[in-house]
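In what follows, subunit A forms one complex with subunit B and a second complex with subunit C.
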Partner chain A sequence: MTVSVPAPHSGPAAGPRKLKVATASLSGCFGCHMSLLDLDERLLQLAELVEFDRSPITDIKHCGPCDVGLIEGSVCNSENVHVLREFRSHCKVLIAFGACAVAGGLPAMRNGLDVGDCLKEIYCDRVGPGGLIPNDRELPLLLDKVYPINEVVRVDYFIPGCPPSGDAIWKYLTDVIAGRMPRLEHPMLRYD
Partner chain B sequence: MTQPTPSLDQVLPPILARHGNDPTRLVQILRDAQDQLEYLAPDTVTALARALNIPRTRVESCVEFYAFLHDQPRGRFRILFSDNITDRMLGNQALFEHMLKRFHLAPGQVSEDGLVSVGLTSCTGMCDQGPALLINNMPITRLTPRRVDEICDLVQSGLPLADWPSHYFKVEDNIRRAEVLLGSGFRSGDALRAALARGPEAMLAELKRSNLRGRGGAGFTTGVKWELCRKARADIRYIVCNADEGEPGTFKDRVLLQSFAERVFEGMALAGFTVGARQGLLYLRAEYQYMMPHLLAVLERMRAAGLLGRAILGQVDFDFDIDIHLGAGAYVCGEETALIESLEGKAGRPRIRPPFPVTSGYLGKPTVVNNVETLCKATEIALHGGAWYEAQGTKQSTGTKILSVAGDCERPGLYEFPFGVHVSEVLAECGARNAIAVQVSGASGMCLSPEEFGRRIAFEDVPTAGAFMIFGPGRDMFEMALNFADFFAHESCGFCAPCRIGTGLVQKMMHKIAAGQGTRYEVNEMLRLRELMRTTAHCGLGQTAGNAVFDTLQKFRPAYDRRLQDTDFIPAIDLEAALARARAMAGRDDADAHLGAQA
Partner chain C sequence: MSEIPNSFTLDGQLVPFEPGQTILQAALAAGHYIPHLCSSPELKPHGSCKLCTVVVNGRHGSACTAHAMPGQDVQSDTPDLNGKRRLQVQMLFVEGNHFCPGCEKSGNCKLQAVAYDLEMLNPHFPHFFPQRPVDASHPDILLDRNRCIMCEQCVEASRDIDGKEVFGLAGRGLASHLVVNSPSGLLGDSALEAGDKAANICPVGAIVHKRVGYAKPIGARDYDTLGIRAQARAAAEGEGP
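Up next is the complex of A and B:
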């Protein structure tokens, strides 16, 4: 698929500037990031257009000021909240990327259970070593429920799908980069 | 005085026998079983699956799907308050809370002695005589604090419902304005006789000439529908009368069935004669179960009079009879393909169309699905001809239309007007002064503001399935939109993602705004979701689920604005509180075990 993408300009006087993109996976399975890799040779094209900040691709740990942030996964623990807040405060455009980020997705299947009961069953009620719920302050605490990211911060765009296809991601990103309203039509708009 | 619960071996065989051990009658079987067993326990489900030789999961999926089928005990008295916006405007919430308090119950909870549960349900079609409730599927209308106390006393006395004074269950017609359909005397058999004299081809020609359009909402031309069914190649055809009437604010079909049942059934027989069907099915919503004895008696009478059964009116090759199926509390079953699924004993999920029911409907056979009122209109055409009919109403919307008027007016009830009537005329006729809004055609319909009261009720301007809910001065239109957001989230069948998730999200956002936690962000999101549902949902339910929010945002924006916060965004949840449980479980209170309020 070919998409013509005009070079982005940050202002009339400045020369072309690459957009900065950051990505992160909160409570997800990295399936959405795998789908990002499904861009295959278009990744090279993307690298021409954007520069990656924090992302599993670059291994940068904290994100600086960015144009676009892609968030995979839902909000399940306190660390997810911190990462999400960092993204929101640094990214001009924040995109919920995949079913987990959009709506809670698979991790939200635990929402019918009490989180205390889950912890107890896993750490206390089983035979084997331990018997205590870990309490190291290094460990993020679980939230009572799993939340979609737009219940915690403002989200600008949503890409549905579990995971969204590489084509859908490409269409979305190239739309945003080119300054178009990002839009997915059938058959790329899908929820499974 | 608790009766012992009868055993499965006693209860199930007669029910199964009555339904011929036919799995396509599963919904009816489950309803009958529940009537006697109070709820459908896992054992019952297993026994039915075995007896019908179908997977247990099929039975289970049915029980789970329908709001009126229960896999848990619901009490010997199951009370459900109708919770349409018109009930709310009449104060149902205070009555609901009063009853809960008297029984010391939470909503939906069953009392410890297994006597009673009290919950809410979608509109029960009693909007002109609300607030209303259902007790074991029997309606009680015009609730007052005193009436609620009396009901509580009766429940506590344990007196079986059948022995309660009958005046409690009186349902009024409230016909306020009658024209050809509600006004003219109807001699049972005349329409059918006229059709027989004409013959099916000529009857079809009259119907097409009349330009009659369906009254169930979509407005499809009835003549074309019948012709397609007649021409479809098949050995068997069916006529289905859609009496699901689940659209909040609509109650005209209830009155037609209550007081014009002969006409409805004759319309079905007429359709059978015209398209060549021998079997009719009336799909009656669970909320109207109280009419069952009456309807069955009418059918018997008509059989005795030779208007149903074999060789109708002496015509040797014309056999036609009607069976009644009860729904089980699912708005989506009004959608014709979901209705057919339900008739076939399955969960009522809309089918993929095409094929349309006219070629492949009930049991895969060509099927005409028509609204109750449409079938009544067909009898008018049989009697008076297409040209006569076409002269009434407007060019694209011929004939008269029955409106179910409720809300803030002096005389709620049924109003029959020729199509083309101005909204303002209806308001004047029912005694509604200074209305600030009219919601036409129910929760899925259109919200009109006073500037639009000059518009006309007709397919070419403001189409309607019949509901006409009036909002007087001082009403808060946000409350209406909130009520409808709850309705759609509850009624979404869950088959397709845009509707299943979209209605849930809209509901959450509306409640967030109601709680004073909303921002412009939620407003934009809801507009976006509305467009998404409108264009991508699988059936009409999802496609129209965002209409009320959209319309009220366009026309009653201040009702939203005064609830909105002026910031960019407020999280939907209290994150600090959301960590409390895990914090306590891990016994932590360090700085990292807390989340500040802001980013």
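Up next is the complex of A and C:
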């Protein structure tokens, strides 16, 4: 599928400025990022329109001023909160990308359980080495509950799906890049 | 004296009806979809979800309970009503625990299908993440209250069709929940059988059959290709003259 994308607002003589895009996976499975790779040859088209800042694709560790931020995964520990806030303060447009970021997703299935009980069950109640709950300053603390990202910061747009299909991502991103109101309809709109 | 024709207008289109039909029944028979969740053709409408709210001659009413009358002017597919319907569906999502990616009803679920139709992109409201018990005591049927939208279809079907009164709603407001009529309160001790209407009418994944989950692959499920609105149109065309 090819979609013609108007160039982003261009400067007088400098040619179209590339949009800066940052992406991150909080408590996600990286499935949404894999789906981003499902853009296949459209990735080349995308590369002409955008430049990646912080992202698993570039391995840049901190996000600078960006036009678009894509967040996969829900908010499950203190590090997720820091990364999410960094994205919110640096990205003009923040997009929740996939079921976990949009609605909590599978990580949020632990919300019916006590987090202390979960840790105890996993690290203490099983036969095998250790028997201690890992406790190191390097490890981020778990939150009491897992939250969709819009329950922690303001979010501009949402792409549901577990993961969203490459086509849905393409439709949505090209809408945003072209300055259109992004729209997803069935069957591209899916929650699973 | 000329006869008044049995028809009304729905979003400006003429819809014929049989005397006694509700606005929803007449609209569906003519292939016009009005979003609805708690009504089913086999049950007496009781108008609890309010998703089918339409504006009839300037006044709001439930299309599933309001009788069709000659000359009515009915508005349904308007940005205002659809926006309100979307909010209602979003409230249903955050009030329960709807993890569609792992739900065996996904792709066959009416709540999900209506949400797609209304282009719901997120649940909007803070999630309640309520604690609701799952009842797996029955040999053939699983009751997962996390996904129950309290539409009462199982209650009515059990009472009026199966003649058993297996289900009931208890509590009020936020504390409303589905209860089972058995000495232990468990489904396994109730009179419910897999062939009962009540075991086969749930629009969501709250009452599901065991051992058949995920049997239909993605792509072949009820709403994978045709959305709920397109299916309503196709059904009316199939039954039409």
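The working rule: the second predicted complex is superposed on the first by the 186 of 192 C-alpha atoms of A that agree within 3 Å, B and C clash if a C-alpha of one lies under 4 Å from a C-alpha of the other, contacts with A are read in each partner's own complex, and residues count from 1 in each chain.
Basically, a residue touches a chain if its C-beta (ideal position, glycine included) is under 8 Å from a C-beta of that chain, and two chains touch if they have at least 3 such contacts.
Quick caveat, the model's predicted, so the values are computed rather than measured.
In the three-chain model built by superposing on subunit A, subunit B clashes with subunit C. With both structures placed on the common chain, the touch criterion links A:N135 to subunit B but leaves subunit C unconnected.
In the overlay built on the shared chain, the residue A:L143 is in contact with subunit B alone; subunit C does not reach it. Applying the stated contact rule after C-alpha superposition, one finds that A:A103 touches each of subunit B and subunit C.
By the touch criterion defined above, A:L184 lies against subunit C but remains apart from subunit B after alignment on the C-alpha atoms of chain A. Residue contacts after overlaying the shared chain place A:C91 against neither subunit B nor subunit C. In the superposed model, A:I71 lies in contact with neither subunit B nor subunit C. Once chain A of one complex is fitted onto chain A of the other, the partner contacts of A:C162 are limited to subunit C, with no touch recorded for subunit B. Of the two partner chains placed by the overlay, only subunit C lies in contact with A:N111; subunit B stays clear of it. Steric collision with subunit C, judged by C-alpha atoms after aligning on chain A, is confined to one stretch of subunit B among 261-269, 531-539 or 567-575, namely 531-539. Residues common to the contacts of subunit A with subunit B and with subunit C across the two structures: 103, 145, 147, 150-151, 160, 186, 189, 191-192.
Against subunit A, the residues of subunit C that register as touching in their complex are 93, 97-103, 106-107, 112, 115-117, 119, 121-123, 126-127, 129, 131, 218, 223-225, 227.
Here subunit A touches subunit C in the complex through residues 96, 99, 102-106, 108-109, 111-112, 145, 147-148, 150-151, 157-160, 162, 183-187, 189-192, going by the rule given at the top.
Interface of subunit B with subunit A (complex): residues 497-498, 501, 505, 521, 525, 536, 568-569, 571-573, 575, 577-588, 590, 592-593, 595, 599. Subunit A makes touch with subunit B in their complex at residues 78, 81, 85, 88-89, 103, 114-116, 119-120, 133-135, 137-138, 140-145, 147, 150-154, 160, 186, 189, 191-192.
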